[in-house]
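For reference, chains read A, B, C and D in written order, and residue numbers begin at 1 within each chain.
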């Protein structure tokens, strides 16, 4: 019962928040609602017994990613409303609606029967974090390491890309000069 | 009782929202947000599958998706900054330089 | 030397790679020496070949992708042996006769790579390896036409490439489907042709697969109506390109019919005899007529190639040893003769930079040696007995007569209309008074050109008088092939046709 | 004895190769001498073989090596010297030896002297292969070989330019050469078909095997083989309708006309029919044989009619050759093979003599061939006059010269077979033959000296040439006396059926002979009356329809040109320009263009705007989901 209430509540909230993200003109609102949505998604994870994943979600998304976005926004003068021509709304909602409809139909349809065999059954009596750790460091050791390297590479790439010509002040130099320098 | 289908439908709806964002918005930053939404919708689906099939593989995938998403944000934001420095805008309509 | 075939395939390629570091001025000598060694190796292969053994010899098998049964699997039998030797020979002679100033080094390297792919195609016994070399052969040729060709070389080379490429992709689909069928029957993946031979396919599958392979082979041959890339390719290619193209590359198509279509799809092959006959006969007569109308010497020979290839295709579907052996022999003789003819046209093009027949006339008086060699090749081309051209043509027509007398008579008109366009060419170029002053002081063949052409003349006469050393191994393998087809054929009609077509009344 | 077979066969080849060594150098007389000596060697070897065959009564069969063997087919290089082939060998080598010696004189001033001997000897070699081969494929080698040599020799003066048919009926030597080659090829195709039929039904191409199997074959097979082989023979022997090339072939040097287009190559067709006589004697193919006889008779008459009005010295002789070939076919078709062979040999002697004489005239007249421009030459050319006179008498069939015996035998055969219509035609033709041969002789050697108007100073040929011609003259005179011996010799071969006249005919033979003789003498008298005292042109006669028809060879060459050559070229041109370029190639290009255009149009989708791309991606996603959903629902 609680589970149902929690699910529907979270669902409504998540959908609402994400809709704000997608539709809002103000980038700050968008980001804030996105962060809130992420938190709620971690709630789903906890509901699904994926405690470790929920924690990671909170730390990585709400903590790291959102922080990154927040910092990035400072570059872009995010406080003002974004002026952009949006794509023809009719088309957007038709396509979005179609995708939603399709996915719902597909997922709701009973054709996807339940006869999938578990490859790595959840070990009874072991905490989720422990179980995840067991699998992660045995079967998925190599992908895990690769992911680690990838993150490292991404970090370095991010620093290099963003950090280029940090000594130039964007406000004093006008765009032309910078673009000229870039082409050198 | 909440079943797998519920989660999958929720995931589908969230994905559709992200999708709408992707096709509607022209600002690159907003596209990133929309992408995050889509990734998270996928994560929900994975976690749900994992839960209902008693199989950790789904969680593993979600885990790696988070890792990929984090890398993507790091690199992507770096690129955005470079782009912004160069063109002073993040609007896709102004960035169309690869016209065929 | 058990791995002589690998040496044959990869020696030119390795030498070609080394060619990049060779000095530009000595590139030509380098290329000729490599090609000579290659030819000697090929002849060594022939000498150690057992002519009485119908099966594959010098077989090498190295697994490449064991999970999918893809192996580096090569071997020669009587059918492929001589085409390999001819490829080596024509490369060497083409190089000797070559008169190119621009980027000689690149040309030599392209030729050596081309030689690798050509030999690879003919010795490959694994479909994937075969396909690989088949497609790779396009690349150096594309480069040769595109870089050293005439004014419309880009159009011609792209047309050549895309056209043949399209066909071979369809063939690839067919190959993959056979592999899949093999897998579903035997449970193991295999791309080796010898494994596929054991596969008995349902007749309707055979027909579809036959058509898929047909697409690849027919464009390569080129069969009517897929032949239009050839005049462009020949018209624009430099002499050496035309020589190799006509002598070896076209043979890939007809070789494919014999190596794949006949043994893999015996029933479909028999059912397709009428279809192939009609195409071949149209090809023979129609292109010979087109050749007759040409104004450009090289185009005459280009179209005549198509016409002669029609005879080869016809022989392939004669379903008797006479026809198929003749067809294989005709591949060799056409290679030698058309290669020589293209070289000869190249000789005059080098001197006058034109190939228009109307520009010439009376050359026999100015260039007697040239006229003699041209005359010999002309006679070989029209199938004069005691030249190489007759043996194959005679056997093909003889063999096909058992299948269809009417078609044989129609195809036999090749000896008439073939003579017509060749004699017209010869008359307009060599006979009559010297009308164009520019021709009055043309130098006759020089030592280099003689070195390239005289061996061909010798071969033309030698194999015309005494074809046995070549014909006997071919015949052995062809007979084995036919016995195999007869056993494998499922439909009684096909079986009957195969048995009937190889029987003379007397043998009953 | 085997070595003589090889000597006879290969001496001409050696000669040819030897001469070819000097082919591109200036004239060297010793080349001609050595070639002639080698030919003489070949003749001697042939004569020895002939003596051997006469003595022992059986032939020699040698197999040199395998040629082609594939499948069940095995063709060796085998040579058989039996009664038939040895006759041919002797005739061929004798005539060619004479022609070789003659050519030393005739080609004296030609700068391609050496080349000429190379070709001529190569021809003899091919001809010997043709007659000596023991199988049909070997025969075909020689068959094609003589064709090529004929092509080379007709086109020997290749440097002459093309002219309109009004100026030169054969347009040019190279044109005539090509015509000869191509027309022969048409017949060769039929011959190949005949070979194929025999192979697939008898399993071999060896004469003995094939002939042994003949009685077991179906009628249709036999008929087809007989027809196909005969069409092959028609090409080589220039029978109607494939006859036009022979007169055009007179563009070649005269020794060539003498050797190839009179004595040897053109008789190859007759030889083939004689060789294959077991086939043509089969009762199943009697219609074919009769057709051969009828066609032969027709050609004899048809060619003689054209010879009546022609003004070209060599063409008259060429028509006469055609006509005589018709006689030979008539005999062969009627089953009198030995008579055909006898006439073949006799004809070879006197026709070669006639041609060589014509060559002397040409040499004297500086290549002038119009007999209307000659006359009175007997004063300056006594020897030639004598030779041509003998040859013409022989040709006309006046006893006791060779032509009388051989031709009379043929006419008698026609009577004996009861084919009176053929007989009558042949008798009339005999009269026509006498008329045109003597018309030519009188116009050339008698009457007023018209050549003086054209400022020509004729002179007699070299002495050694005249001496060299003497064996032919001798044989033209005496060959007839050996008729009986010849019959006995040739028909002792198991492969050569005898042919004897019936009792009835035998009784009438003397009257028949006299009748023919009357026609022949009548022809000569008529010719003397008309032309003996110089040329008197008769405008009215010359403008009459029949005269014009004959003069234009029944308009057959024009017909061929207008209805075969030109349409073929036109059609070829249409095939190339319209079909190949505009339909086939264009459709290939159209497909390429379609892709190109499609790409060009869809290029506009590439706006460079990411948002746009995302929209397209969205559309794609929706479609894919749609497909997924639909398939899932269907499943």
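Everything that follows uses one rule, which is that contacts are C-beta pairs under 8 Å (C-beta built on N, C-alpha and C of every residue); 3 or more make two chains touch, one makes a residue touch a chain.
The structure displayed is predicted, hence computed values, not measured ones.
Among the chains, which has its CA centre at the largest distance from chain D's?
The most distant chain relative to chain D turns out to be A.
Taking each chain's centre as its mean C-alpha position, how far apart are chain A and chain D in Å?
From the centre of chain A to the centre of chain D is 96 Å.
Between chain A and chain C, what's the gap in Å when you average each chain's C-alpha atoms?
Taking the average C-alpha coordinate of chain A and of chain C, the gap between them is 62 Å.
Nearest whole angstrom, what separates the Cα centre of chain B from the Cα centre of chain C?
57
Between chain C and chain D, what's the gap in Å when you average each chain's C-alpha atoms?
That pair's centroid distance is 36 Å.
Specify, in ascending order, the residues of chain B that touch 2 or more different other chains.
Each of 19, 23, 25-26, 93 in chain B touches at least two other chains.
Which chain D residues touch at least two other chains?
611, 615, 618, 621
Residues touching two or more other chains, restricted to chain C: which are they?
Residues of chain C touching two or more partner chains: there are none.
Could you run through all the chain pairs that touch each other?
All chain pairs meeting the touch criterion are A-B, A-D, B-D, C-D.
Where on chain C is chain D touching in the complex?
For chain C paired with chain D, touching residues are 159, 162-163, 225, 227-229, 286, 289-290, 292-294, 320-322, 325-326, 329, 362, 364-365, 368-369, 372, 379, 382, 384-386, 390-391, 394-395, 397-399, 401-402, 405, 408-409, 412-413, 415-416, 419-420, 423-424, 427, 430-434, 465-468, 471-472, 474-475, 478-479, 502, 504-507.
Would you mind writing out the residues of chain D in touch with chain B in their complex?
Touching chain B: residues 603-611, 614-615, 618, 621 of chain D.
If you look only at chain A, which of its residues touch chain B in the complex?
The contact residues of chain A facing chain B are 3-4, 7, 11, 14-15, 18-19, 21-22, 27, 30-31, 34, 37-38, 41, 44-45, 48-50, 52-53, 56-57, 60-61, 64-65, 68-69, 72-73, 75-76, 78, 82, 84-87, 89, 91-93, 95-97, 99-100, 103-104, 106-108, 114, 116, 118-122, 131-132, 135-136, 140, 143, 147, 150-151, 153-155, 157-162, 164-165, 170, 175, 178-179, 182.
Taking the complex as given, what residues does chain D use to touch chain C?
Answer in residue numbers: 23-24, 65-73, 137, 140-141, 143-145, 148, 155, 158-162, 172, 174-175, 178, 181-182, 185-186, 188-189, 192-193, 195-197, 199-204, 213, 217, 568-569, 571-573, 575-577, 579-580, 584-585, 588, 592.
Along chain D, where are the residues that touch chain A in the complex?
611, 615, 618-619, 621-622, 625-626, 628-629, 632-633, 635
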